[in-house]
Every structure is written in structure tokens, then in C-alpha cells.
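Please go over the structures that come below.
In the two complexes that follow, chain A is the common piece, with chain B as its partner first and chain C second.
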Partner chain A sequence: MTKKILVVDDDELVLIALEALLSPSGYEVTTANNGDDALEKLNKKKFDLMILDILMPGMNGFELCEKIRTLDEYKAVPIIMLTAKSGSEDKKKGMEMGANLFLPKPIAPQHLIDLIKKSLE
Partner chain B sequence: MKKISDWTIQNKLILVIAPLVIIPLILLAYFATSQLNSALKTGAEKDLDHVVNTIHALCEISLSLENGKSFIPSAQISKIREVVKGIIIGETGYPFVIDRKGNLIIHPTKEKENIFYSQDSKGNYFIKEMVEKAISSGAKNTKEIRYPWVNVELGEKSPRMKITRFRYLSQLGWVIAAGSYEDEIFGAVGRTQKVVFILTIFSLTIVLSLVVFFARFLTEPILELTHLSSRMAEGEFSLRVGIPQHDEIGQLALSFNRMAAQIQEHTKNLECLVNQRTQELLESKEKYKGISTLLTNILESSTEYAIIATDLQWKVLEFNTGARKIFGWEKEDILGEYLYKTYVEKKESFIEWEEFKKLQAGNALEKEVIRKKKNGEVFLSRAVITAMRDMEGDLIGYLEISRDITERKRLEWELIETKDYLENILDSSADGIITTNQKGMITYVNRGLEEILQDKKERLIGSHVSLCYLDGIAEARKIMNILRRDQKFTNYEMTMIDRSGREIPINTSAALLKNFKGEIIGTVGIFKDMTEKKRLEATLRKAEASLIQSAKMRELGDLVAGVAHEINNPLMASQTIIFRLKEDYQQQKNCSHKKIIEFVDLIGRCNDRIATIVNHLREFSRETEMKFEALDIRIPLNNSLLITGQMLLDHHVEVTRDFSGDLPKVMGSAPQLEQVFLNIISNARDALDMQHSDKELIIRSFYRAKNGTPGEIIISFTDTGPGIPPEIKYKIFDPFFSTKAVGSGTGLGLSLCYGIVEKHAGRIEVDSEIGKGATFRVILPAISSNLNLNKEDKNDKEDISS
Partner chain C sequence: MKKIFISSTGVRSGQSLAVWCVGEMLRSQGLRVGFFKPFVTRPVSHNGRIIDKDALLMKEYFDLPEELSILCPVVPEEVPGDEVAREEQLMRIEECYEKVQKEKDALIIMGSEKIFYEPDSPYLPDGVLVNRFNAPVLLVDKFQNENMSMYSVLAIDSFLKDKVKFVFVNQIPLESVDAAYNKLVPFFQKRGTPMIFLVPQDRILTSLTVRNIVDIIQGEVLTGENRLENLVESTSISSSHLKGSLHLFRRIYNKIILLGLETDALNTPLISSKVTGILLTGGRRPAPIIVNTCGDLGIPLAVTPFDTFVTMEKIQKQQTHITYKDVYKLKRFVQLLGGDEAIQKIVTQLDEIYKF
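Coming up: the complex of A and B.
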């Protein structure tokens, strides 16, 4: 069964690039450019993994992550935080909010694919 | 009561002579009377004794002794009785014989009666007394009793004193007595006394009359002289004394008459003279009355000047209104007092010896001296003292004219002090100050100007001001023209030249000098030496540039994180696309041409984005130049947001942009204005970081028209932070003032902003209220009020995105 991945980022370029990277690898990719959009899409479909940007207008990645974890069906779904913020403080905060992985931008595409694959297993 | 010395000579003579005559006369009369009296009295007593003794002897002779008992035979007694009865003493006196039992033996009328207990008119038992006294005193002496007796037989009613002499006849126990009335005995005495008294009075009268006459005789001519002289004293010089005597008084009278004649003559002459003089006096009095009134008026109406006249002892004779006012003495209190009472010095030294000699020599003495009022208050007086002389040139006193110059002196000092003070101020100014007269001749220079021109006051004053100007007379004319038009000017840039030919850049302010009437009397100029300032300005400009640069670098450091994010996004996107392309190409997957183009385009967009950011960073870090150009304010505004957008997002600051699309341009430097906006935005972020929620920053730009100018462009930044406390509000533009923790801010940010905006002829305003955030407004002058619609900037409403 095709794994469904939700990518949330306010940068259009990032969304296009990730979709182009992940779709050919056999994942069903859905994109959202802000937190509210993401939450809406989470309700429509059950995703197997989520990639969240942190710095977004409105609701940021941490808040979104916290909200997602309140939803029953997403309590254990892997969440990867992908961000230009790489400070250890941020990483710690991300983990506290329930993220599974905290990855810096830019990240080598192959490495990202490997990590996604591993997370989904 | 008149004193004796005031008595007339006549009375004095009487007083001396009368006692001399009267007292011996009275003494003589008294002596004669008393001698006569005593002689008569003794005589009368002897008469009585004689009668008594005769009868006594007669009885003793007749005594017969029988049986040891003495007795007188009856025949003998009869004979004795006859003899005794025949004796009459005086007028009514008589002798009688009585035995010791009171029985009358012999008596003119009451023979054989017992009168032992008969009483006198006072009630005394005078017979009993007499008998007892006779027995006790014995037979040898006669004794006497006196008693008042009324002789009823003779028809008398009032008692008369009676004297009775008696002797005891012890052999028979008889008392032989003879009595007589006193007045009968002393009748002669009384008569003699009366005669002597009358004679004495008569003599006294005659003597007194003689004395008075004599006194009169002596004093009459003197009295007449006196009377005449007193009348003469009243002016009756024609009177003469008529005294025929040739004694001293006669001579006196003659002299008096001569003198009277002379006086009459002199008086006549004198009267003529007096009449003449009186006439002259009346004329001159009339003549000088006017002058005198005038002088008195002058003396008394002079209230400003004290005029004091003294005698040679410096005792005040005249003290005019001014003197009373100045010295506080009333005229009646000071007149006759010494002048030194108005001095502080002592009597001995208030006029120095040299001064005194000067006065004596006829010189006026002028002195400024401390004086004393009546109440002790002291003041400074300027006095002129001169010696007063009479017609003959003899010194008769001194005249002082003085005035209170305390106030004038004080004003003088104040003026000097003010002048010194002003000169000090002028000299302490580093700026040069010149005043000129209307012809442009220098009338004053201060020390500052001496230093600027390296020259001396003495050489500059009097020369023409244009000599100090590089452009000479042309510059002077130019300055004068501006002054005539505007009265004054400031900040006029020109160049001065000193004697060595050194040129000095000068900033001048000048004004017309006017006197109190408002007439132009010259000019005053203030010359600020700009040499040092110009040098400093250059240095400062360099320093400022480097400061801006270093602040920018610091900002850059702050921005690196944000910028990295900004770059990382497109970088990651392009890496990912390239990976995809490479994968697809290697695996020969259904990689359509269209897809490749799409991917390459995407990579291109990523590169563009990175290029924009990198370019801008390079631009931003470039050495700051003041390159002013007509500028749409949104360019630096957007650029600053481009750099800070990510950072603001990172700090959860919600940014609202409200930019008017059609703003007039401003004249300015985009990088510098961007620096200003960056600073304000980053301060707003710091302020908002102090709270956890409600972080908002509203940025607006708009145009505001302003009368007479092209108007202003206003860029406002309103945050919802904690606000700026009022006590630091005025300090926030100071260099190195910072509210941030040490190390996190240089404190140069806002002061640099202020400098930059000032250079753009704009200003920064700040409004803030504690708890309600702060609004910074950058206000810049618009170039023109024409609205430019810049169609290239359609991206205005684009949200800041990562």
C-alpha cells in the first residue's frame, strides 16, 4: 500500500522540490503551505508521515506538531521537522512537541529519502 | 519791697542820719525820766519813813516804866495824838498808830476801832498782814505794804494804790504807820514824765524835719539833674539845669549843661545824617530787595544741593532746604552747632590742615567725603567749601555747597562693573567680535578676534574692517547690503585674512548697532573661526562612516541566521530537483522533455532567489557612501524587510505592511535609509521580545502635504511592545545609550539613524506610552508633491515568506 506523506512548508519552491523527490520514490505526497491548511488535510486523509517546516507565517511548525499530536490517529505517526533552524534549543523543543526527527535544511536528498524510509518501517 | 540799694539818695541819707539823731535823744529822755522818777520815789518814801520814825521816837521818849511794865501816860498820849493828827502827807496821806490786836490807837477819824480784819479792794487782810510783818521784822526798820484802796469817805469809786510805811514799837506792841496814795506821791513824777515825753517828741519832730530838709537840700540838684538827664535821654536836648551853687554839684550841673549843648549839636547833625542815610538805605533796600528775594529763593529752592554757611568757628549760620533734606537736620536744631556734626571725622580732623590753609589762601576746597546724617546714616558727598569774606576782604566764615553722590557713585561703579562684566564676557568668547562705526571703521575688537587674526587690539581699532576680509571692500559692501536689508544675519560663510596672509574660514553673524534712540550707529559682527571645525567635520565624517559600517557589520551578524534560512530554502529546493533530475536521467525513467524544462526552470528560480539575496547582502555591506538620488522610499523599506523578514518570523512578530502605492520621491541614499529602517525594525523586535504574545509590527508609509513645501513622506513603525519609559525617551537618540544588556547592543543604532535622517533634512519622532507600545516616525521631505505611480512595485502586498 502506498504510503501517504504530508509536506508542510510556506516556501513553494520547497514544496515543489520535495514532491518531485518523493513521488517517484513511491509515496503519495500531499502539500500544504500553512498550519491550518495542513490540519484540514489531515482530517481528510490518514497520513503515514509528516514533514514540517518550522518558520511559517501564522502557526509555526512547533505549534502544528503539538496540535497534530493531540489528534488520536496521529499519536504515533512519524513527524520529521525540516528546518533552517538548527540550534540545539530548537531541536530539543521539537522533540518535546512530539517530533521524531529534527533535520537541517539543506539536506542531501538521498539522505532524506533514506530517513523517510526508515521512519516508515 | 524795694531793696535798700534802690532807694533814693534822700531816703538813704535819712536812713543814716535819723537814727544818729533820734536814738541819743530817746536815750537821753529815758535816762532823765528814770533818774527823776527814782529820785522822786525815794524822796516820797523817805518822807513817810521820816513821819513814822518821828512818831516812833516820840512814843519811845514818852515811855514810862511802872511795875516792869512800859506805858505812856495818857497826858502824853494826848499830846502825841495832837501832833500825829496834825500831820498830813501829800494831799490825803496821814499817819496812824495801831496795837497788835488791830485796835486803832491814833487815827484821824476811826480811833478805838478794831480794823484788824479790814480788807482792801482786792479782799486781802492788809492790816493783819502789816501787823504780822511789823512784829516779825522787829522795831528797828521800817517796812512797806502796798494795797489798792477805795476811799469811801472822799466819795471815790475806783481803787487807788496806797503805800503804807510802818515800824513796830515793841515796848507797847504798837505799830506806827504812815500811808499815802501812790499817785499823790508820784504825781510829780507823772507830770515830769509827761513834760519830758512832749519835749522829746517836739525835739524829734524838729530834728527829723531838719534831717529831711538837709537831705533834700543835698539831693535836690541831683534829682533835678537826674530828671533832666532822663528827659534828655528822651530827646529833649534843649533843657538846661539851673543850679546857682558853686560846689561839686554846681560844677556837675555846669558840665552837664555843656554836655547837653554838645549833644544837642551832635544830635542835630546826626539827625541830618541819619535822615540822609535812611533815605539812602531806603533806596538801596528797594534796590536790593529783589536780589535778596531772588537769593533766598535760590537758597531755599535748591533741594538737590545742600548750602551751608558757617562762621569762623565752623558753627552753622545758614542751612538751606537741600541741606535739611540731605542731612535730615531741622534748621533750628543745627543752627549754632558745629559743622563737623555732619562729618564722620572728629572735630579736629574733619578739615585737614592743608585744606584749611588752602581755604585761607582763598581757594575753593573740593572733596568727596563720607558724611553723616542726623540719624547716623552715612553717605558719600561731594562738597565744595569756600571762605566767605566781607567787603574789606576779611574772613567771616565758610560756605559749603554739597550734594549726596552715593547713588551716582553706586551707578558709576555699577556701570564700571557692568562694563567690566560685559568686556569679560566678550573677551571670554572664543569667537571674534568686532564693532564698527557707520563708516566701517573698527571701534572695538575682543580677545577672541585678536587670537583669530593673530593681531593686537591697538592695531585693529581704527582701521577699516574690510582689511580683515579676504575679499576686502567687496565683502564689506556685500555684508552691509545684507544688513541694510535684513538688519541682521547668521551663519554667513566667508574668509578672513590676517596680516601674514593666512586665510581663515569664518562663520559670521552680524547685526546693525543702534543707540537707545534707535539710530544706527554701526555694526557688530561675530566671527567664528571654522578652521578647526572644518577639520573636525572631515574627521567626524570619516568616523561616522566607519561607525555606520561597523554597526552594519553587527547587524549583518544578527541577520546571518535569517539570511541563511533565506538561502537554505532555495538551496535545498535546487539540490533536491537536481537530485531528482540526475536520478531520472540515470534510471532513464519516463522523463519527458517538458518535465526537464520544468525542473530546470525551478532550479533557475532557486538560483535567482539566492542571487537576489546575495546581491543585496553585498550591496548592504559595501562601504557607505552618501550618494543621494531621487528615491522611492519603498525600495529601502522593502530591502530592509527582505533582510529582516525571516528574523521577524523567527521571533513570531506579525508584520503588517501598509504602503501607499503612489508616494512622491525623496532625495536620499537607499542603503543609508535602509540602515535606518533596519535599526528601527530590529529595536521593535527587541522590544516585542520582552513579551510572549501579541507581537505586532505595523509599518506604514504615506504622504503628508505641508503648506508652502512639497510636503513630507512619513514612514511609521508601530509596535505593540512595552513602550518607552518617559524618563529615557529623550535619551534614546543619544550615542551609546542602550537599554539592552551590556554586549548585546552598542547604543549607536538610533543615534546613527538620527544623524542619517538629519542629513536627509528629515527628522525622527517617537511616540510612546507605557504598556501601549511605541511608534517611530521617520519624516523625510518629499522632492515634489507630484504623485508618482511606480508600477514596478506591485509586489508590495506580498507577504514576507521563508
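Coming up: the complex of A and C.
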């Protein structure tokens, strides 16, 4: 069955880029440009993996991740934080909020595909 | 002074050729061109010191007055340094940058081979350097497929906050050119930036010359000295290509035939192969009649001390780095990029960027 991925980023370029990369790899990609939009989409469809940016206006990626983990059906779904903030404090915080992977931008396309595949196994 | 930072999405993308090409484009506009590469990524030992092959190429071709240790100052440690070491690297880089930019109209800054994040990279990320030098970026992407290229360009442009102004999507297999053109060009044209150039895979760019091969196999040239720049597209140990007076070589077992492509008046490779050189392996010198035959035909003939297997292995392993002698590759790359029209587009766009 096709795996569904939700990508959340306020930068339209990143959304287009990830959709261009992941859709041809066989994933069904849905995009959201802020935390509220993402939560709304999570209620409508069940996703198998999420990719979140950290720096977003309004609800940031940490807060969004924390909220997602309170939802029963998303307690164990892989969350990848993809961010330009690569400090160890941010990574620690991301993990505390429930992220499975914390990856610095820009990440090489094949590396990202491999990590997604592994996370979905 | 105009600056341009040339970065790459991966190894063997054609970044060196792109740097050389842009340098030549700017020089052809009458500009005094400088070169700076913060980190040694293609090391070679030179007079007891480690230098960078790209820096050597640019110094020799553009006749740059600066020392190689200024043009490319930092030899990275194998293990990434701590914060203090990185600060020291940055200070050294800035000190040398001040020197190389003096009395230049245009400066090409060459990044390391990978712009994507790597956890254990010994280099400062290109993203940090791009921001430090505040330069527009030309990204060289080795084509894998349209989606990978699209992702790479957009992800990097987003990360560098719209600093990517030019993209060379390089080494596109001929069967993928149409698909790449139909997907990438309209998309980026609609966006307006970056300016994208598609470069197909090309046999001239990937081939070696007879001279390259003679150097690799430590060969001694017996005839055809003036044709050592012949391009070699493939090699063969079969005698089937030996026609006419070259028939003599059919009786020699320890040989490797170097083959090139016939070219027409427009210098376009045609399909048939021609003998561009002959290597005799195992160190045995040939009889005078053999030498004379090659000499009469003007075909390079060389003897190597290695046996056929080792010689073939050495040739196949060789992935030469361009040197200033490979001007034919530079010309070919400019041609594939779009010739004068491409030059004009890039130069005009750079002028626009630096107008204000």
C-alpha cells in the first residue's frame, strides 16, 4: 500500500522540493505550510510519516511535534525534523518532543530517501 | 568587484570544468579574473607540499600571481576540528581572501565538492562560506533524474535564501535530455530564478588523450609525438580495427589498440572508430618495421613496462582531473552549455546582480 507522508514547512520551495523528490519514489505526499494546517490534515487522513520544519511562524516545529504525540493514532508514527538549526540543544529538544530523527538542512536527496525508507520499515 | 561562488551537489559533477568555464567567460569580457578555493579537496603533492589541483589549474591558465597556498589555503584534517579549529580556519580563509581579491574585477570562489550537509565533513559547509562572502551561487548538479535535480536546486536555494542564481545540470544521458528539458526548464523559467543550463553527457568530456594514457602507464613514445593529443574513446585488444598497413600488428600479441571516433568537418563525432594509438605491453621493444609503419602513418606508438592486464586496469581506473592542457574540454563544455548565447546570459545576469 502507498505510504502517506505529511510535510510541514512554511517555505513553499521546500514543500515543492520534497514533493518533487518523494512522489516519484512512490509516496503519497501531502503538504502543510503551518502547524494548524498540519493538525487539520492529520485529522482528515492517517499518515505513515511526518517531516517537520522547526522555524515556522505561529506554532513552531517543536510545539507541533509535541501536539502530534498527544494524538493516540500518532504516538508511534515516525517524525523527522528537518531544520537549518543544527545545534545539539535543538536536537535534544526535538527528541524530547518526540521526534525520531533530527536532520540538518540541506540534506542530500538519496540520503533522505534512504532514511525515510528505513523509518517506514 | 563581481563575485560568484561555485558549489556542487556531489562529487564528479564537473565543478572544476564549470569553474574554468566561468573564469574564461569573465576573462573574455575583458575582466581581471581571480580564483579562490578555501579548502583543498583535490590534493596533490607539489614540491613537498600539499596543494589543490583546481588551484594549480587556475593559477597556470589565468596566470595568477598569488601563491598556491593563498589561492587555496586550508588543508583540512581528516577529522573535523572543534569550534576553535574552525574559527582559525575561517580567519586564515578571510586573510587569504583579502589578498586574492586585490586588483580583480571578478572573483570565482570554489566550494568543496558537496553542498549538502554531511555530519563528519572536515570542511566548513559551503552554506557558511556563501553567507560569509555574500556571493551569488552557481550550483553544479550531476544529473541523476529530473526529480533529484529539482529537489537539489530548490532545497539548496531555500537554504541559501535565494542566493542560487545559476544552475548547470551536468552529464545528462542523451535519452534523458528531453525529459529533463521538459520538466526543469519551464519550471525554473516560470519561477524566474535560478537560470538553468542543461549539459548533456559528452564523450569528448569524458575521454582521455593518448598523452594522458602514456603518462598513466609510464610509457615511452616511439612514434607519433605530434599526435599525442588524439582523443581516446575506448581501448581494445582485438585486432579487428587493424586495417591496411596496420595489419602487421595482428601478429603482435602484447598490444592494446587505442580507439577514437572519426570526426566530420564540423568536428562532430561520427559512429566509426579509428586507431588513435597503439600500446605495446610487457616492455618489449618492437622490430624496426613496426616502428616505421606507425611512424609513416603518424600513429602514436608507445611501449609500457606493464603487462596487458595491468595496463588495461590502470587505464580503466584512471579518472583524470582536468589540467590546463585540456583546453579542448573547456571549449566543448562552453559549446554544450550554449556557446556565446550562454556566455552572454550569465555575464548579463551577473551585471544585473552587481548593478546596485
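We take it that the second predicted complex is superposed on the first by the 121 of 121 C-alpha atoms of A that agree within 3 Å, B and C clash if a C-alpha of one lies under 4 Å from a C-alpha of the other, contacts with A are read in each partner's own complex, and residues count from 1 in each chain.
What we mean here is this: a contact is a pair of C-beta atoms (placed from the backbone, for glycine too) under 8 Å apart; a residue touches a chain by one contact, two chains touch by 3 or more.
From a predicted model like this one, the values you see are computed outputs, not experimental measurements.
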Clash or fit: chain B against chain C, after overlaying the two structures on chain A? clash
Pick one for A:111: touches chain B only (first), chain C only (second), both, or neither. second
In the overlay, answer first, second, both or neither for which of chain B and chain C A:57 touches. first
Now for A:84: first (chain B), second (chain C), both, or neither, which partner does it touch? both
So, A:16: does it touch chain B (first), chain C (second), both, or neither? both
Just to be sure I read the superposition right, which of the two partners does A:24 touch: chain B = first, chain C = second, or both, or neither? both
In the overlay, answer first, second, both or neither for which of chain B and chain C A:71 touches. neither
Superposed model, chain B segment overlapping chain C, candidates 26-34, 530-538, 602-610 or 782-790: 602-610
Both chain B and chain C touch chain A at residues 11, 13-14, 16-18, 20-21, 24, 84, 105-110
The answer for chain A against chain C in the complex is residues 11, 13-14, 16-18, 20-21, 23-24, 84, 86, 103-111
Write out the stretch or stretches of chain C touching chain A in their complex. 9-10, 114-118, 127, 144-145, 147-148, 150-159
Spell out the residues on chain B that touch chain A in their complex, using ranges where they run on. 561, 564-565, 568-577, 579-580, 583-584, 589, 599, 602, 605-606, 609, 646, 649-650, 652, 799-802
Which of the residues in chain A end up touching chain B in this complex? 10-11, 13-14, 16-18, 20-21, 24, 53, 55-57, 60, 84-85, 105-110, 112
